[in-house]
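Both of the next two complexes hold chain A, though its partner changes from chain B to chain C.
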Partner chain A sequence: MIRAVALLWSLGPLLWQLYTSLRPADALVSGPQGLGSPGGGIFGGWTLQNYSQLLAADPPFWRYLLNSAVVGVAGTALTLLLAIPCAYGLQQQRGALRWGTLALLLAASLFPTALLFLALLEWARQLGLGNHLLALALPYAALSLPLAILLLRAALADLPPELEDAARLEGLGPLQRLRFVLLPLLAPAIASTAILVFLFSWSEYPIALTWISRESLLTLSAAIARIGASSVFTIPYGAFAAATVLGSLPLVLLLLLFQRAIVSGLTQGAVKG
Partner chain B sequence: MSVLELRQLGRRVGGRTLLADLNLRVEAGECLALLGPSGCGKTTTLRLVAGLELPEQGGRILLGGRDITEEPAGRRRVAMVFQSYALYPHLNVTGNLALGLRVRGVPPQERERRIDAVLELLQLAELRERRPAQLSGGQRQRLALARALLRQPALMLLDEPMSNLDAQLREELRPELRRLLCGGEAPVLYVTHDQQEAIGLADRLAVLEAGRLQQVGTARELYEKPHNRFVATFLGRPALNLLPPRDGRQLGLRPEHLRPVAEGGLAARLQRREWWGSQQLLWLESEQGDLRMLLPAAHACPDALRVGWERHHELWFDAATGERLQGLA
Partner chain C sequence: MTAWLLMLPALTLLAVVFLAPLARYAWLSAHATSVLTALEPVANGGANWLRLAQDGRFWQDAGQTLRFAAVSVGLELLLGLALALLLRGPRGGRAAGGGLRTAVLLPWALPATVMALGWRWIYNEPHGPLNSLLIAAGLPPYPFLSTPASTWFAVVVADVWRSTPFVALLLLAGLQAIPPELEEALVLEGADRWQILRRLLLPLLSPWIGLAALFRLAQALGVFDLIQVLTGGGPAGSTESLALYAYLNAMRFLDFGYGATVLLATFLLLLLPGLLWLMWQRRAGSAA
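Our next item is the complex of A and B:
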């Protein structure tokens, strides 16, 4: 019973969006009383008109998906590239240096990013980063780094220290230990960190909105907001819903894909038998 | 010849002395057991020798006459078997063995040949595809040992390698371990808190307590001529009886040296009897405190008795310092 409620609670809004996206625009406002009218009734008048409208627009909607994916992948890759050595280096430190840095990182990761976007915009203007899709990966990586380092450091701390000692005695240098021993064991933590960073960059709005103005370079969140605000007089609910559905599909796929990697990673890491 | 020499080795962490002034020499092919209660500095000694930690200023580690104190761990040609085995969980048996050889640049054919040989030696050939999680405790220990032997080390270190195994397996593995480790070129340092294991495996024992070396010698030397009270009580089971100190001196008597006597000795009452097969351990309450006495199983023992011993079995200690007083026995 509780499970059913929880399922409804989390899936309800999504299903409602899906439903809305498949309905003609006027059906949404006409309600069940317009049974006789075209597209009347709760289950009548299904249409893909909202989707076709989105995909036929200029630029087509998949362009935004692609933009977001490019930014997300670049941001995630950059974050991991920096966070893994940082976390490893931090774990090598002892005492005040380690704990002080961790406290600072925690403070940084708790800082509300929305307060930063004006200052960041100033920088982007000075450095000429506006309207460059990949430039968005820079602030995304910067903002995700503290949390990513914290997560990966915690995962490193969970590995038995003798593993690295053993590798050291076998003649493996620091990078070889990272590459051959630690990284394979950190795979689950890296996967979940990557998902978090990717989700953040997928849904980030203020920076994407202010750094990008060219229509063909918009990321998903900025593009969807633009659809919603396309007219002063009406809100195109159907198109809006279709955009959200299309925008979340890749995420659902990604999570399903990664979930498997995480689960297999967890059983692989089991030391006790 | 690779001889291990430790000179003035010490280690302090945050004002706490883990090890102080350790001087020790292990001959080529000799197996020396570092023995002591937990926290006595035996694992610290191993980690210093391995190069996983650095000693305090002035401490020196020499291997085969060469000073390796400053040398990085990976270059010391020292292999170590960890208490937890520290097997790479994501690699199978072959992978665990191959990694070190690979990064040290051993060519693939030789790698394969050496791995096959060591797998054969340790009877792991059937299990080469298994991950550590799919191995039993004894198999994991053998794999850890295989990895260490594969290193062809100039010095072998073992940190409580059997503490995760059950008592029976430990006893079975002892001769095998001795056959594999001892008598080669490399000296062996073997850390354990189990005196049975130390006596069964090692040529000599070094007893540590609170970071200080108490005594080095063969098991027999340590048993018969302990330098101090700690060594005397730590070695020998059941443990030494210590009578209450008197006039700054304290008498220690081994349970196996006590006998019921007709007259003289101490008056005692029998409290409890433990049967040990061929022997019995008798728990006695005497005018000088509780005593343990070990007798042949067949020996009858009344409830009230007198306990005696021979003078040459007496171990006298300075009550304050614990040093053994020579020439009093």
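Our next item is the complex of A and C:
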């Protein structure tokens, strides 16, 4: 019973979007307010016109999904490239140096990133990074680094120290130990980290909003906001809902596939930092 | 030595993106950089800060941001705890399966702009589902997003919908770290569920609750995406947050000096929950 309420609360708003997206525009606003309106009732008159309209727009809606995917993958790759060596180096430090760095990283991971947009925009302008999709990976990696380093460092700390000692006796240098001994064992933690960073990069809004102005390069978040702001005077809610559904779909898939990794990443990051 | 070299690239990027902006804002806030100065910085002493002190809109937004953060994080902790207990399942019973967990987690995984646009339709007057329900019940429709006195709470509800799963997952991890023997011992003493919650679970969960509160408060005080898309700060500025005001100053009024001043002031406001948390940690530490 209570579980049903929790399910309804979590999924209800989304299911309603799905329902809205499949209704013809006039059914949403005609009669006494949509629900149970004359001529069709709640379940009359399904349509895919909202979706075809979105996909036929210029640029087509899938373009935004593709852009977000590109930024998400690039941001994730860059984050891991920087975070893995850093976590390893950090784990070698001892005493106040390590705890100080960890505390700073924790503080940075709490920081609401929207506050950084102005300074980042200035640098983007000076360096000519605006309207380049891949350039977004740079701030995204930087903003994801604190959490990524904390997660990976915690995973490294969980590995038995004898492992590295044995590899050292075998004559492996630090980079070889990282590459051949530790990295395979870190795979689960790397997967958790990657999926969290991807979710962040996929969804990020303030920086995408200020760095990208060209329509065909907009990421999903920025495009959705623009769609929402573009038509204040009409009520194209069928199209809004279709956009919401299309924008949610990839995440539903990700969540279904990686639920376990996401949960462990979220909780580990908070606790072991 | 190698250790430092391995850390260097990441730490450099972190310094550029987290520390340098704060220094840059401090510099910008000591200069006028706006259309009036042809966007060239001109030192103006403390004029930006004087203006901030007398800016009614800034203080109104500060109050609104604090109210938003306090109420939404309070509700998220309450509901998050309930949801965590629910996901854990009854004592001795099976924890909730992956399906329920995935469903519950979904609101958190959606981009804020996507869910904000969705909630705009839910609140739509008179065609949205909430008003359809009101009308079906014979009540007049309610303008959820255009009532200055109450729209802030509509924003809180949307934020609670999105962020409760995060809090719940954190608290669930905390619950699972509590040895079941402790609970069984209390049951043998004849404690009911309410007493178990108050005497055992809440005290042991308190570090987790503190962590969730700290993280959510910091995020809520910097809220931007949700409000920009859901209400745009309206009606009549009644939901404008500090981050949105800073954004408008810089991007719409092209006043970078003042925008940076608002951003820096918001950052100072952020230190508040951090300090409270540290004090609470210290007290908890000395009590233990």
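Following the convention adopted for this analysis, the second predicted complex is superposed on the first by the 243 of 273 C-alpha atoms of A that agree within 3 Å, B and C clash if a C-alpha of one lies under 4 Å from a C-alpha of the other, contacts with A are read in each partner's own complex, and residues count from 1 in each chain.
Going forward, a contact is a pair of C-beta atoms (placed from the backbone, for glycine too) under 8 Å apart; a residue touches a chain by one contact, two chains touch by 3 or more.
None of these values were measured; they are calculated from a predicted model.
Participant: After superposition on the shared chain, which partner residues are touched by A:Ala107: those of chain B (first), chain C (second), both, or neither?
Facilitator: Only chain C is touched by A:Ala107; chain B is not.
Participant: Spot which of chain B and chain C makes contact with more residues of chain A, would you?
Facilitator: Ranking chain B and chain C by residues of chain A touched puts C first.
Participant: Figure out whether A:Ala166 sits in contact with chain B (first) or chain C (second), or with both, or with neither.
Facilitator: In the superposition, A:Ala166 contacts chain B only.
Participant: Is A:Trp9 contacted by the first partner chain B, the second partner chain C, both or neither?
Facilitator: Second partner only, chain C.
Participant: Go through the superposed model and pick first if A:Pro184 touches only chain B, second if only chain C, both, or neither.
Facilitator: A:Pro184 sits against chain B, while chain C stays out of touch.
Participant: First (chain B), second (chain C), both or neither: which does A:Ala83 touch?
Facilitator: second
Participant: For A:Leu66, decide between first (touching chain B), second (touching chain C), both and neither.
Facilitator: Neither partner.
Participant: Should A:Ala57 be classified as contacting the first partner (chain B), the second (chain C), both, or neither?
Facilitator: Touch status of A:Ala57: no partner.
Participant: Do any residues of chain A touch both chain B and chain C, and if so, which are they?
Facilitator: 270-271
Participant: Touching chain A in the complex: which residues of chain B?
Facilitator: Touching chain A: residues 47, 50-52, 73-76, 78-80, 82-84, 86, 88-90, 99-100, 103-104, 131-136, 147, 151 of chain B.
Participant: Once bound in the complex, which stretches of chain A touch chain C?
Facilitator: Against chain C, the touching part of chain A is residues 2-3, 6-7, 9-11, 13-14, 16-17, 20, 28-29, 32-36, 82-83, 85-86, 88-90, 92-93, 107-108, 110-122, 138-139, 141-143, 145-146, 149, 174-175, 199, 202-203, 205-206, 210, 220-222, 224-225, 227-229, 235, 237, 240-241, 243-244, 247-248, 251-252, 254-256, 259-260, 262-263, 266-267, 270-271.
Participant: Where on chain A is chain B touching in the complex?
Facilitator: By the definition above, chain A touches chain B via 160, 162-163, 165-173, 176, 180-181, 184-185, 268-273.
Participant: Using the touch definition up top, name the residues of chain C that touch chain A in the complex.
Facilitator: Residue positions touching the partner: 2-7, 9-11, 13-14, 16-18, 20-21, 24-25, 28, 83, 86, 96, 98, 100-107, 109-122, 124, 126-129, 131-133, 135-136, 141, 161, 165-166, 169-170, 172-173, 208, 211-212, 214-215, 218-219, 221-225, 228-229, 232, 243, 246-247, 250-251, 256, 259-260, 263, 266-267, 270, 274.
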